[in-house]
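Each of the next two complexes has subunit A plus one other chain: subunit B in the first, subunit C in the second.
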Partner chain A sequence: MKKVKNLFSQIYRSYLFRRTIISFLSLLGLSLIIFALARVIPGDPARMALGPRAPEDVVERYREMLHLKDPLIVQYYYWLSDLFHGRLGISLVTFRDVSADILEFLPATLELMLFTAIIQIIGTIILGTISGCRPGSLVDGALRIFAYVGITIPAFVWAILFQLIFSYYLGWLPAVGRISEDLRVPRVTGFMLIDTILTGNVRAFIDALQHLILPSLSLALGAMAQEARILRSSLVENIGKDYVVTFASHGIPYRTVCFKYALKPSLLGLVPVMGLDIASIIANAFMVEMIFNWPGVSRYGITAMLRKDLNAIVGVVLVVGLIYVIVNILVDILIFILDPRIRRR
Partner chain B sequence: MKAEDFQLSEEIIRKEREMRRESIKRAWYRFSRSKLSMTGLIILLAIIISALFAEYIAPYPSHAGLYINFRDAYQPPSLRHLMGTDMYGRDVFSRVIFGYRYALMMVGMVLSIVVPVGTVLGLLAGYYRGRWIEHLIMRLADIFVSVPPLVLALSICSILEPNVFNAMLAVTLMWWPWYTRMVYSLASSLRNEPYVWAAKALGVRDINIMFRELLPNMLGPILTKATLDASWVVLIGAAISFLGLGAQPPTPDLGTMISEYSAYLPQYWWMSLGPASALALLILAFNFLGDGIRDVFAGE
Partner chain C sequence: MSEIETLLEVKDLYVNYKSYWYIYKVLNGVSLKISKGEKIGILGESGAGKTTLLKSILGILPPQGRIVKGDILYKGRSLIHDKKYLNEVRRSSIGMIFQDPLASLNPVFTVKEHLLDVLKVVYKDHNYKESDLISIATELLKEVMLPDVERVLNSYPFQLSGGMRQRVVIAMALASAKELLLADEPTTNLDVTIQDQILRLIERLVNEKNLSLILVSHALGLLFRMVNTLYVMYGGEIIEYGDARKILKEPLHPYTKMLLISAPRLTSSKIGEGIKGNPPDYRNPPSGCRFHPRCPFAMDICKKEKPKLIRIGPDHYVACHLYSTSDLEKTGSGI
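The block that comes next holds the complex of A and B.
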């Protein structure tokens, strides 16, 4: 307990606290920029929403409703006070509540992100450790090629490729969606994997898992290839260090030295890279969700962008920014806990 | 200041410049000896030349834009059509060569604005640490990095009109903070080097210290980042047009082509294979080159 308390006071005194505040203030700044951009573009949002045939008095009333006649800063004030009440306005196309829509689609994206992160971390550690402990081996050579392939092929091309191979030609995994049409899973948390367990539906659980594999794999591959290369090079560097040689001279088997003692410090340097990659999953999700017809926030965002639904766009950008910032802060905290050198600074 | 001090200061600065010149020579030597980076350079040069002279190199230049010839539609790859033809009978290979033009234009425009602007802002913020200008620049940069670049670029494209030019504009707007942040951290550590103090003691103007003392010492990291970033710009540009928020058909943009042609998978696989592998080749070339440049500067 005391240890935890100590850690908290350290966090409070450190740069972490300052950075967290700056991050949230930046989000506020972001909201101002994107809001201003959405309002100053040529064209009348009210007219755009209601269409050219709507009578003028209806459009006029709609303008009043959206406060479009007030100065920009007053509009922003209304919008901001709505934001702090958890309202992001009404979609200009579907007339639905944007925050309700986003809340409905958010769990699907978070589930995809989490699953991708797990695949990414496990894959990176396995590939990086094997090739780092045996430099020059067959696996190492394969990883080298895989790393370049991973960088050069964008996530959306992976997605199309996987869909083609595993769903169309082999027929092993479903091509689109989150769950098969015939399965009905009542919504509890919105996370399909959790909901299926809670309702005790094993068949639906396996089905949901199958739907998750291809999208998350195509999201994970690029970052995984790069991270495994980074892990490999830092492992190779650490294995050459004196303390590892000492362990080896004490008769500790190479495998133990490698997987236990050299891996730990090598992973530390990887955490920031991994953190940024995991936070960036949500950006690539914009393409992958579209291809796999995954009912998440990113697909909602793209649909809004294609229809020029300004309120929904602003909402999605803010929510994505929020997730991005939160993941980055969590990673900072994790580094803070893992690395005693930073704590002493 | 005494005459000896003056001489000493000048000596420090002169030595530092000499070392820099010497290291550039060595860098080029190391770069030209690395197979990977030379491969990257050659591929990239070939792509640039074919994009520049697309009208003469592409077998069917008229197929780049709107062109319809249903008789030749859906042809698999052959000697006449290296990457096959699409649903309108256009030669995919010709379109890919024209597609490189848009990809390279994007890289050229984005980097030629972002690198200088980002560098200057980073220099200002790093050199004037603790003043209001640092806070202004860095907090503004914080705002732009609080959301993934692709997402903000996509939304800017959609709020403005989706087309090639706006896509470039959006990516440019997104990219400068990453340079500013890097140059900022380099500048704030370099400003305490002896040669900077020496220049200050000589009464060299701030602007000359920034551009003639600090900047040349950061060229390595900036150049490395620019080359590696070039591949990211290509990727993001392709992603934007893939999602329909950048170039619109019939513009022969690689991302637009992939999205257009992927509707004809799996039967007419060659249509999407052409632009997708062309995209991969360009990204690979930039990565080889960037890795080579990084190794050159890391060796110092």
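The block that comes next holds the complex of A and C.
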């Protein structure tokens, strides 16, 4: 317990504190870009925000509300404070508060992202370790081919392929949506897997899981192939190093030597790459959510872009940016835990 | 050698390294023998294959390395063909000190984790509790004269100085080296002032524990003092071996002569820079005697025929065509 507490105080004091400040600064930078997108670029933000059919006096009142007559810096201040209070304006498509829309759609996307990330991490570690510890083996050869294929084929192509093969032809898994039509799951957290458990509906849980498999697999595959190759080559490199070999020289079994002493230092280089990949799941998810008709934020964002729904676009970009920043902080924490050279500075 | 029990025998060993494009034929028929209680030294310039030889013995060549021919026997049983026996020997008979102390401890594990995991396999038949193992680890660290053992145990390698790290490496090697210690240039990359301390420490421990020793070192003084038999390696071959003092005083092979002349006498600094020419290209090694392109006495036969190790005097062997002819006295004292 004391150890844990010490760890946290260390985190706070040094490395993580610095990293958090950096993240905060990058968020600030992001907000400037979004502000430019929302206020500076469009000719008349109020008109853009309300749409072409809104009457002039309403638009005029909206201009007042947005402080459009004030200097930019003042506008930025008001805009930022609105942002902090979750006032993102009204969506032109749904005619609802954008923040309410996002709150509704975000859990579906987050669930997809998290599930994808889990598949990606587990797959990377299993494939990378097996082929790295046994270079030249059958698994290793298979991974090499899989990696080339995985890197060249984008996620949305996998999505279409999987949908065709596993839903239409084989009929093993559902093709679209988060849950079957006939199942009603009351919304608690918005995470289908959690909500089904909370309401004790096992059948719905399994159903939701089945719906998750294809979209997350198609999102995970490319990055997984690439990461497994990275892990593999850094394992192969580490296995020849004296600081790994020394354990073999004491008669410790090869499996332990590879899975422990070679794997841990190999993970150090992998974690940042993995973090970036996981953060960019949301970018790939735009297409995949469309294909699987997944009611998530990405699909909402695409619709917003097609309809020039400015407020909604701002909201979605903000969410994407936030996810990047949060994942980065998580990566930093993970590296902090894995690498004593950072932890004990 | 005599009636004394042979501990380790390397028989006609060939080792290749494979890269994407090339095959490096490094060890080219190396044989070596060490009896119980014997201490042997290996001398040779950088790239001669000394580390390759030691790593082959413990079966820890990097993935690119392959033993293609020959055998390694420990107490008469093959380490190459009997993996179970190899692991047994690794656990409780042979220990190795690696060349570069800065690179032989795992950066992401503490000293304690290193030692405990090693001790766990070394004493796996003893049913020791963790606290027992910790006290063994503490004992080991005290034996290598590390101060503040408690702190060292909980440190990561990067928090220790080079000398401290090498002491930890020695402690780890001692955990398994119940009979034979392999020390591969144990002071490379260390501060000159510490080199001597480390060598003395190894010397003392080997004598105290009555270990057999294979020492790769350029510290001629130490070799002279400590080692019974000296092997001189060039280009993946043993080109001269025998009584250490005799070889150090009256070397026969042209390479050994040049090596010893170029060495700052009886110091521990590195040698090998002083000889003209480059070590052989292992992808396409010279025919005949691998040293002939650099040898001032090279004859026709040297390009064609690989010289065999022949006995010159009691306990003195050399592989050189200069000595296979009868008039060796004339040419032999040329340098």
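Just so it is clear, the second predicted complex is superposed on the first by the 276 of 345 C-alpha atoms of A that agree within 3 Å, B and C clash if a C-alpha of one lies under 4 Å from a C-alpha of the other, contacts with A are read in each partner's own complex, and residues count from 1 in each chain.
The working rule: contacts are C-beta pairs under 8 Å (C-beta built on N, C-alpha and C of every residue); 3 or more make two chains touch, one makes a residue touch a chain.
Note that the structure is a prediction, hence the values are computed from the model and not measured.
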TODO: Based on the superposed arrangement around subunit A, label subunit B with subunit C as either clash or fit.
DONE: fit
Open item on the list: Tell me which partner touches more residues of subunit A in the superposed arrangement, subunit B or subunit C.
Closed with: B
- [ ] May I ask you to decide whether A:S26 touches subunit B, subunit C, both, or neither, giving the answer as first, second, both or neither?
- [x] first
Open item on the list: Contact-wise, after the overlay, does A:I126 reach subunit B, subunit C, both or neither (first, second, both, neither)?
Closed with: neither
Open item on the list: Looking at A:V320 after the superposition, I want to know if it touches subunit B, subunit C, both of them or none. Which is it: first, second, both, neither?
Closed with: first
Open item on the list: One more residue to check, A:S280. First (subunit B), second (subunit C), both or neither?
Closed with: first
Task: Included angle at subunit A between vectors to subunit C and subunit B, based on C-alpha centres and rounded to the nearest 10 degrees - done: 70
TODO: Figure out whether A:I160 sits in contact with subunit B (first) or subunit C (second), or with both, or with neither.
DONE: first
Task: Partner chain in contact with A:T246 - subunit B first, subunit C second, else both or neither - done: second
TODO: With the two complexes superposed on chain A, say which partner A:T152 touches: subunit B (first), subunit C (second), both, or neither.
DONE: first
TODO: Give me, in Å and rounded to a whole number, the least C-alpha distance separating subunit B from subunit C in the superposition.
DONE: 10
Open item on the list: Quick check: in the complex, which residue numbers of subunit A touch subunit C?
Closed with: 135, 236, 239-253, 261, 264-265, 268, 338-341, 344
- [ ] Using the touch rule from the top, collect the residues of subunit A that touch subunit B in their complex.
- [x] 22-23, 25-27, 29-30, 33-34, 37-38, 41, 148, 151-154, 156-157, 160, 164, 168-169, 279-280, 282-284, 286-287, 290, 301-302, 304-306, 308, 310, 313-314, 316-317, 320-321, 324-325
- [ ] Please give the residue numbers of subunit B that touch subunit A in the complex, ascending.
- [x] 139-140, 142-152, 154-160, 231, 235, 238-239, 242-245, 258, 262, 265-266, 269, 272, 276, 279-281, 283-284, 287
Open item on the list: Under the stated contact criterion, what part of subunit C meets subunit A in this complex?
Closed with: 55, 58-60, 62-64, 87-92, 95-96, 98-100, 103-110, 117-118, 121-122, 156, 158-159, 169, 172, 175-176
